[in-house]
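One chain, chain A, appears in both complexes that follow, with chain B as partner in the first and chain C in the second.
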Partner chain A sequence: MAVSETVAATPPAATPTPPAPSRRRRGRNAAYWLYLLPGAVLFLLVIGAPLVGTLYLSLTKWSGVGDPRWVGLDNYQQLLQDDVFWASFRNTVWMLVAMVVVPTVLGLLLAAVLFDVIGRRFKPRTAAALRAAFYLPQVLPVVVAGIVWGWILRPDGAFNSLLDAVGLGALRHDWLGDPGTALPAVMAVMIWVQIGYPVVVFMAALQRVDPELYEAAEVDGANWLHRFRAITLPQIRPETFVVALTCTIAALKVFGPIFALTRGGPDNATNVPSYFAYYTFFKKLQVGYGSAISTVLTLIIVVVAGVFIWMQARSERRDRGF
Partner chain B sequence: MAVTLTPSTAPVTPARLVRDRHHRGVSRWVVLALVILGALVMLVPFAFMLLNAFKSPGDYSSGGPLSWPTEFYTKGLRTYWTEVNFPLKFWNSAVIAGSVAVLGVAVSLLNAYALGIGRVRGRLWIVGLFLLANMLPQEALIYPLYYVAKEVGLYNTRLAVIIIFTVIQSAFGTYLLASVMGTFPRSLLEAAALDGAGKWTVLWRVVFPNLRPTLAVLLIFFFIWTWNEFLIPLVMLIDNQTQTIPVALASLQGDRLMDAPTTNAGALISLVPAILFFLIFQRTLARGITAGAEK
Partner chain C sequence: MQRFRRLVAAIALAATATTTVAACGGGDNGDSNDAKVLKLWHYESENSAMGVGWNRAIELFKSEHPGVEVRFERKAFEQIQQNAGMIINSSEGPDIMEYNKGNATAGLLSSQGLLADLSSEADKRGWAGKLSPSLQTTARYSDKGVMGSGKWFGVPNYGEYVTVYYNKDLFQSNGVKVPTTMAEMTAAMDTFVGKGVTPLGMAGAEYPAGQLFYQLALSKGDRQFVDNYQLYKNPVDFKADPLKYGADTFAQWVQKGYVAKNSASLKAEDMGTAFIGGKVPMIVSGSWWYGRFKTEMKANWDTFLFPGNTLQAGSSGNLWVVPENSKAKSLAYDFIDITLRPEIQDLIGNNGGVPVAADASKISDPKDRKLIEDFNTVSKSDGLAFYPDWPVPGYYDVLVSGFQGLINGSKSPDQVLDTIAKPYADGVKEITGK
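Showing the complex of A and B:
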C-alpha cells in the first residue's frame, strides 16, 4: 500500500508521510479499528451484500418471486444483442457531452469571466448575484426541474408559445415527443441543470489563486486570453479533475431527469442504462436481466473513475517533478 | 478558534482593484451584458413557473403559457397542497433528510477518525472502498435492497431510506473528513495524549470542536442531497403516507389532476423549501465548497 499516494480526487494536499509505524505504534493504532466498526457493518449491509446480490442475480433468470434459476452468462449474451441496451449506451455518450463536456467548458469560461472581469471591474456583489443565478437550478430537486421542463417543452407548452411570440411559430414542435428532437432537448435541459456546479466550484478555486500572479501578468501586458490560459487553467486544474470526475459519474448514472422528462421515450430515443435497468426490474420484472444491465454499468463506472484517478495522480506527480 | 482546519479563507482576494488598461473601455460592459443575458436565460424557466402557478385552467387554455394571469388564482396551489397532502410529504422529506444528515455526519466522523487520525493500515484502500458507495449506480443495489426490505418489514418505511442514505452519504463524508483529518496538527493530539486523554476524549474534545465548520457543511450537503434523491425513495416508498416531495410530485405526473397550472403550482411549492434552505445556508456552503475544493 503506497502511503504517500494521495487519496482519490484529492488535489495536491500536503499529506505528511507518517513515520514508519513502530511495533508500539501499530499496537496503539489497532484500537482505532473500533471506530471503523459501525461504518463497516453498515457498509457491508447496505452496499457490499446488495452488490454481491446483484452480481449473483445477473447470472440467473428471476421474476422476483419463487427461486432464481441459474443461467450463467446468458443474460450478458442477450445484452450484447439487445438493441435497446446499445441505444441506451449511445445516449449515455450524448449525456456525457451535455453533463460533462459542455458544462465544464462553459463553466470554466463563466467562472473566469465572473471572477476576473466582473468581480474585479464591477462590484463583487454583481458577480455573486450572477453566480447565484447560474447555480439556482442545482438547488431544486432534479425531478422538479424535469417536470417543469417537461411542461415547457410540451406541444402546448411555454417554449412553443415563446416561438410564436417572436415570430418563429413555424418552428413549433413536439420537442420531447419526436424521436429526432427528444435527445437534444433532454441534453439542453441537462446543460441548464449542470452548469452551476462547475461555475461555483471554479469560482471558489480561483479565490485561492494568488492575485499577484494576475497583476504581474497584466504588467507584462498579457491580455485576458493569455491570462486565462497561462494562469487560470493551470491553477485550477485539481478542481477541474474533481468536477470532470463527479460530472462523468453523474452522467453515467443519470436517472431522475429521464424519468421525469421522457421515461426513455419516444422509441428509446432518450433511454439510458439507469432507466433501462429500472424498467427491466420493476416494469418487466426481469430481475436477472436488470441485474446484468446494472452490473455492466457498475463496471463501466468503476473503470472510468479508476482511469480518471490514475490520470490525476500521474499529472500531480509530474507537477511535483517526478 | 486556535486551529482552523478549513484553510479556505486564507488567501482572500484583496479589495483593492488593480488598474487594468485592457478592461477599462467598452469591452467589459459587453462582457457584463452577455453574462447577464446568460443568467436571465437560466432564470426564464423559473419565471414561466411563477407566471403559470397562479392561473386558472380556463385562463391557461385561453391565454396560453405566456399571458399575464387575469386573476390571482390560488386554487391550483391549494389543490396540490391538499390532494398531495403536502405538509405530510414535507414532513417525510424533512425527517428523512434530517436524520440522514445527522447520522451520516456521525458515521463519517467515526470512520474518518480511524482513517485520518488513527491511520489504520490499508486506509487508502478502505477510503477507496467506501467511495464506491457514492460512485455505484444505485440500480446495482436497488433490487436486493428492495427484496430484503420487504422480507424484514422495512419496505415502505422511512427508516429503510434513512439507513440506505446514511451509508451512501457517509461514504463521501468519510472521504472528505479523512483527508481533512490527515492534516490535523499532530502536536494537538500529542498534547492531549500527554494529558492522559483517551481516544474517545480526544475525538470529542480536540478533533470534533476543530472540525465543526467542516461538519456543518457536510450536514447541509447531506440534507440537500438526500432531499433531492429520487430513485431509491421512488422504489422504497410507495405509499402516500411515506413518500417524499419529489416522489409525490412525480407520481402525480400524467394524473388527470395535473393540468398545467397545477403542475406549475406543485413544482413551485416543491422547490420553495430547497430554495429557502439554500438562501439560509448559502454562506456556509460557499465556505464549504472552498474547503472541499481545497482539501
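Showing the complex of A and C:
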C-alpha cells in the first residue's frame, strides 16, 4: 500500500490565478480566431455539413435521385420496429467485447509481461520484436486481413486443415457459414486485429512510469501481481481511457471486416449498424432510412465518447486531488 | 479585424463569381449535331469480349467521324453502380455510358428523367428488329421505371444466361453421361455422390445459390410466372409452385449431398476456382465465366442448358444509355449503332462473349459457337427469365441470406420462402404503390 500512497501523494499542480484580460490582450486573443478559421471551415465542410445533410435526409424518403420527400420521423419509427436494426445492435455488443474488453484486458497483461518480465529477463530487443509481432495486424489493411481470414476459415481453408492435422478433423466446420459460429469467428478475427494497438500504447505508457516505484515495491516485498495492481494499473490509467475510447468508437462503427468476411450474414448473424446503413443506402436505395440509421449510430458514438471523456476528466481531477 | 472582414468579403465574392460563371456554362442541355467530342464511359476490362469489341467500335467510330474526339474513360463497376445518378445529373457526365439493366438502376434513372428516350432511334435505326422480345425487356421502361414496356432507355448488345458447365474428364472417369432431362441429371448426381464426389459446386455467400433456386423454380414456371415475379403483373404466392418447388428441391439436393452443406460461406470465385481446379464436376452459373474457363482450365469441359427448362435465368447484358444532359446525342446514337453491326457482334462472339445479333456461322471456335447457339435458342424462344434478385432493390442480399440458411440447414424451405417473401412484397409495394 505504501506504493499507492506514494503515487497519490503527488502534489496537485499549482493553478495560477489568471490575470484580468486587458483590452489589448482581448484584441490579441481575437486574432487567434483567424488561425482557427481553416480548421473551422474544414470541420464545417467535412463534418458539419454532411452531418446536417444526413440529419435532413433521415427525415425524408429518397432513392438517391430526384427530390427527397419529407416524411418527418417516419424513418425513426420504422427503425424502432426493425428486427434487423436491433439484431445489428446486439451484434455490436459482441463486437465491443471483441474489440474493446478482450483486447484491453489482454493488451494490458501482455504489455506488462513484455515490459516487466520479457524486457528484464531477455534483451529489450526481444520485447520489441514481440511487440511488433502483436502490432502487425494493425498495419495490414483491414479488408486484406478480412479476405485472408476468410480463406483461413473457409470449409477447405487452413483452419480446418489444421484441425485435420492434429487429429481433430471431427470439428471441421463452415465457420463463417453457420449462424452459430459466424459471430464468434468474426470476434476472434477482431481480437487478433485489435490486440496490437493496446499492447503498443500500454508499453509506451509503462516506459514513462518511474522505475523507482517498482524498485521500492520490490524492496517492500511486492510480487509481480502486487506491482501490476498497485503501480502499473493506476499509472497508466490515462492511456487505458484513450484505448478504451478509441476501441469503443472503432467497435461501434466497424464495417471493413464485416464487409470482407461475411457481408452481415448468414441470416444477419454478423450484421452491424454501419453495414446495415451501407446496405440500406446503396443496395436498397433507401437513402432516408439509411440516414436515420447513420444518425442514430452517430448519436450513440457521440454520447459514448462524451461519457468516456467525462469519466477521464473526473479521474484526472481525482488524481490531482480537486 | 478590418483586414479579416475584407478577406472574408473577397472570398465570398470570388465564390459567387465562380458559381455564376459555372452556372452560365452549364446550362446548355441541348443536343448539338456538330459536337466535336464524344465522352464515352464503360466498365469492361480491356481483354474481355466486350472490351475487345468496343475498342474496335471506337476505332470505327473515329474513322467514320473525322474531327470528332472520343474521350474514353474506363470506370469501375461499383463506381458507376453507386454514383450514376449524381454523375449524369451533372454537366460532368459522359455522352454515352454502359449502365446496369433493371428497375433499380436504368429504370430508376429513366423515371427521374435522367436518361434520353431512345425510342425513335430504335425504330429509325432498326435496333428493335435486332433484339428479341425478352432482350428488349431490359431496354424499355415504364414511367415508373418498371422494365418490360414503355420507352427505350437503353440498348444492349450482348447477352448472358445461366447454363451448366461440366468437366468432361470427370464425367468420363466416373462413367457419367451428359444429362438431357432432369431425371438423367439427378441420376448423374447420384452416381457422383455414390463415388464420394460432390456433383455441384456451390457458393452460398453470393449469387449461385439464388440462381440454382431460380433455375429449379423455372422448371415448373412459365412466362406468366416470370411476368408476375419480375414485372409485377400479378401477385406472387411464395408458398406455391414454382417457388415452393424451387426451395423444396434445393433443400433436397443439399440433403442428398448434391450440394455441399459446408458451402454456405463460399463466394462465387471459390466455386469457379473449384471448377477450374477439377474439384467439382458441375456448376450452374452464368455465361460470364466462359472466357475465364477457356483461358484457365486445363481439363476438358463444355456446357449444356439446364435440363428440361424452357426458361433460363438470363437477360441482355448491360445497356448503353445516353444521359439526358448529353451534348452529343447524335454521336452517341451512331456509336450504339456501330456496336450492333455484324463486325462488332462477331468480334464479341469470337472472344468468348455472347453477342445479341451475331451470325453463329461466323464464329470460328465450335465451343464458342455452341455457347452462342444455345443463347440464340433461348432468346428466340422468349426463354430469358432474368435473374431472381431483380424485382426489388436489395433483394440480392435477401436471397443470399435465405439460401445460406437452406445450405447450412438452419432453416426449412418454408422458413426461407417466408424470409424472402416479405422483402419482395415490401419492395413491390414501394415501386408500384400497390
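One rule holds in what follows: the second predicted complex is superposed on the first by the 302 of 322 C-alpha atoms of A that agree within 3 Å, B and C clash if a C-alpha of one lies under 4 Å from a C-alpha of the other, contacts with A are read in each partner's own complex, and residues count from 1 in each chain.
The definition used in the following text is that a contact is a pair of C-beta atoms (placed from the backbone, for glycine too) under 8 Å apart; a residue touches a chain by one contact, two chains touch by 3 or more.
All figures in this text were calculated on a predicted structure; none of them were measured in a lab.
Q: Mind working out whether A:174 is in touch with chain B, chain C, both or neither, as first, second, both or neither?
A: second
Q: Given the touch rule stated above, what does A:262 touch, chain B (first), chain C (second), both, or neither?
A: A:262 sits against chain C, while chain B stays out of touch.
Q: For the overlaid complexes, name the partner, chain B or chain C, with more touching residues on chain A.
A: Of chain B and chain C, B contacts more residues of chain A.
Q: After superposition on the shared chain, which partner residues are touched by A:66: those of chain B (first), chain C (second), both, or neither?
A: Touch status of A:66: second partner only.
Q: With both complexes overlaid on chain A, does A:293 touch chain B (first), chain C (second), both or neither?
A: first
Q: Have a look at where A:235 lands relative to chain B and chain C in the superposition and call it first, second, both or neither.
A: After superposition on chain A, A:235 lies in contact with neither partner.
Q: Give one of first, second, both or neither to describe whether A:162 is in contact with chain B, with chain C, with both, or with none.
A: In the superposition, A:162 touches chain B alone.
Q: Touching A:78 in the superposition: chain B (first), chain C (second), both, neither?
A: A:78 contacts neither chain B nor chain C.
Q: Once the shared chain is lined up, is A:277 touching chain B (first), chain C (second), both, or neither of them?
A: In the superposition, A:277 contacts chain B only.
Q: Which residues form the common part of the chain A surface touched by chain B and by chain C?
A: Common to the two interfaces on chain A: residues 30, 34, 64, 150, 282.
Q: Sort out for me which residues of chain A touch chain C in the complex.
A: 30, 34, 63-66, 150, 153-155, 172-180, 182, 262-268, 279-280, 282-286
Q: Any idea which chain A residues touch chain B in the complex?
A: Within the complex, chain A contacts chain B at residues 1-3, 5, 7-8, 10-11, 13-16, 18, 26, 29-36, 38-39, 42-43, 45-47, 49-51, 53-54, 57, 64, 110, 113-114, 117-122, 126, 130, 132-134, 136-137, 139-145, 147-152, 156-158, 161-162, 165, 192, 195-196, 200-201, 204-205, 207-211, 214-215, 218, 223-224, 238-239, 242, 249, 252-253, 255-256, 259-260, 273-274, 277-278, 281-282, 287, 290-291, 293-295, 297-298, 301-302, 305.
Q: Give every residue of chain B touching chain A within the complex, in rising order.
A: Within the complex, chain B contacts chain A at residues 8, 10-14, 17-18, 20-24, 28, 31-32, 35-36, 38-40, 42-43, 45-46, 48-49, 52, 64-66, 107-108, 110-111, 113-115, 117-122, 124-133, 135-145, 147-148, 163-164, 166-168, 170-171, 174-175, 178-179, 182-183, 199, 203, 224, 227-228, 230-231, 234-235, 245-247, 249-250, 253, 260, 263-264, 266-267, 270-271, 274-275, 277-278, 282, 286, 289-290, 293-295.
Q: With touch defined as at the start, can you tell me which chain C residues reach chain A in the complex?
A: Touch list, chain C to chain A: 1, 4, 81-82, 85-86, 89, 104, 108-109, 111-112, 114, 204-205, 260-266, 270, 393-394, 396-397, 400-402, 404-405, 407-408, 410-411, 419.
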